[in-house]
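Structure, as structure tokens:
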Amino acid sequence: MRDTGSRLSIREYLQLIGVRDLPPLTSPFDPGYDPVTVESHLEQSAHLMASLKISMACWQIANEAATRRKIAAARSHGVPAVTGGGPFEVAVAQGQLEAYLDLCANLGITRIECGEGFTELALKPREVVKLAHERGLVVQYEMGKKHEGPFTEDSLEEAVARGHSWLDAGAVQLVVEARESAKGVGTFGDDGSLNAAYADRFAEEFGLDIAMFEAPNKPSQFAFLEHFGQRVHLCNVRLEELLRVEIFRRGLHSDAFALPNLRPALPGVEIGR
Amino acid sequence: MRDTGSRLSIREYLQLIGVRDLPPLTSPFDPGYDPVTVESHLEQSAHLMASLKISMACWQIANEAATRRKIAAARSHGVPAVTGGGPFEVAVAQGQLEAYLDLCANLGITRIECGEGFTELALKPREVVKLAHERGLVVQYEMGKKHEGPFTEDSLEEAVARGHSWLDAGAVQLVVEARESAKGVGTFGDDGSLNAAYADRFAEEFGLDIAMFEAPNKPSQFAFLEHFGQRVHLCNVRLEELLRVEIFRRGLHSDAFALPNLRPALPGVEIGR
Amino acid sequence: MRDTGSRLSIREYLQLIGVRDLPPLTSPFDPGYDPVTVESHLEQSAHLMASLKISMACWQIANEAATRRKIAAARSHGVPAVTGGGPFEVAVAQGQLEAYLDLCANLGITRIECGEGFTELALKPREVVKLAHERGLVVQYEMGKKHEGPFTEDSLEEAVARGHSWLDAGAVQLVVEARESAKGVGTFGDDGSLNAAYADRFAEEFGLDIAMFEAPNKPSQFAFLEHFGQRVHLCNVRLEELLRVEIFRRGLHSDAFALPNLRPALPGVEIGR
């Protein structure tokens, strides 16, 4: 048997075949997995995670030790732990925003998501962000409604306006709603097709560093990457789908290898992208 | 940064926002996960599990040590481990009921499910329950047929009658069949819609402490909770969906927060439910 | 309480009810799970795995330590670790086949899959197999195209011809493509129905020890087992579905118990199969 001699690391191999290094650009979410699984995903993929959403209200009814364990695991890998918009909206509706923020800070959460997906918010963005900052919590804001169907021209402009008011108030990123289905919500029509013009509106208004897109399933993940290319920031990707998203992003998936904006460069050939 | 001072536990926070404590009301199932994942789900959610079904015949062909490990984990968290109706039916059909019961008892199973979903049972309920009790096994009975489509008026009444005969014989709970699909079976039409009148028939006849409903996917889980409210006992929920079911049950899911029978009370306001 | 006396193992119980021992006949795949979950599945089910596919290119962008941990776990259970056809095709297209093979060998991979699912291969099978063998790597070849729809009479014959040329060159097994969907690809029509005549063509040409069938979801898994019976070799089964496939194979699933070619023999009765 041949002595292979060269002891390439996988990373060196990827460079050989023209795959570029990318910063973490996906924010996966934990839809209620067990803590050991979450921890082991972090070991495997922390370098690909821009943040980790401890999702929905699941963390509020799990054993508290299990919730703390997940958050601590994220922190120990340097991945910001984010709570979802739902618990924020419920806290506000029940008149307990400050208690909610105290709880998040105490649990070790880095960032909270604010939104008005299924409630109306009477508070001003600036008030909310101030209360969060007092507790060391970073803020992101989710644009869109959960129960009103896809964006219309009007609701799109309203969402954009709200996005600006939250950025002005100190929020650091904006999320475009797609729920768990990516169908009949946000930038997705009732058949799940991406309304590229609507998605572009957010990208042009805020840029791809500020605007993030919820991509909860394979068709929405692939659609955003095909449309925007490697640099789009995706969120609400189920943990077990993260690696598939990332190989698609790098053109290593069989459906992405043919796409000019994702395909790895031919080694030795420099392409303008 | 503000010293948050108050060190609320998550449970105290839930009380603040009006979420009631509930006993465990869901019986999730293990569809063939690995033992470490099952153990970690128990750490996270044992307090939400009325029992844990070690599902289908998967435990019979797994490495025996893995099966024993799952059952022992359930026991150590005080969660009764239940075997499904399928292995019972096969055991009877192959003439090995007593060997099956011996095996279950020896493995540490707490409860067995009996049924006639895809076979006919010649034995009387009383005979079966007696054999189970001799081995310290509790009995539940599954009502419904796997391959005959949704209930009809006739098959519904026959299922109710069988339920009574098993309760009379010493079974402690009854399960309403929905398979893995909740489509074209039991109380679900071919389009997956819940036949509420049929579901009510079981609830009225047996009460919500005795009658449990298989709810194998999100639409069936949400339909039962919307229809019956917080107290309905759901089973055959995949382990990774348990937390989502329980936040819906408590009105913490965005789709449940608007529902009067699930929404948390406004703090300080007492509502009659 | 009765002293059950007999301490049957599960395996002895299966013999009692007429379930035969079978060699490992399924090659599951890891679609991007975490390493702890993969390890624990191996503990539970290594005896059922003909090989384990470390899937797609996921292993190339995971933390290298996580990838190595999965491969080492497979090896320690005596399960050959296989890489998928996608990374092979990309390596060839990028002009780095030898580096790819070096990398696989260095990571502890036992077997590689070669294919032309989304690229054209200019190299001769014999050249590829020689390079693999020099590094101690076994070769299997995947027949079929990912993006050209189901087989036609012509593309079927071409796939068969390529299969022969790879076997002649030293490949040990052949895989029939079905992608992740088993719809509109390989032996599956656009509605997901199995074209039994096409499947038979592979079985008759190569035999069920050489030809393996990708069965990525429940309908395709059950369709192949119903059609071919217990001895068909299935691959690309998600790890968490492996046990369900294997109870179906043994007639222990409620949908398989009625099928003459899968149903366990009645104890004491010898059936010709």
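Labels for the chains are A, B and C, by order of writing; each one numbers its residues from 1.
The rule is simple: a residue touches a chain if its C-beta (ideal position, glycine included) is under 8 Å from a C-beta of that chain, and two chains touch if they have at least 3 such contacts.
Quick caveat, the model's predicted, so the values are computed rather than measured.
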### Query
Where chain B and chain C touch, do the two copies share over half of their residue numbers, giving same, or under half, giving different?
different
### Task
Could you report, rounded to a multiple of 5°, the rotation needed to superpose chain A's C-alpha atoms on chain C?
120
### Task
Can you check how far apart chain B and chain C are, centre to centre, with Cα atoms defining each centre and the answer in Å?
33
### Message
Touching at least two other chains at once: which residues of chain A meet that condition?
### Response
36-37
#### Entry: Residues of chain C touching chain A in the complex
31-37, 56-67, 86-87, 89-91, 93-96, 99-100, 102-103, 105-107, 117-119, 134-136, 146
## Note on the structure
The residues of chain A that touch chain C in their complex are 1-2, 4-11, 13-14, 16-18, 36-37, 39-41, 43-48, 239-244, 246-247, 250, 252-255, 257-258, 264, 266-267
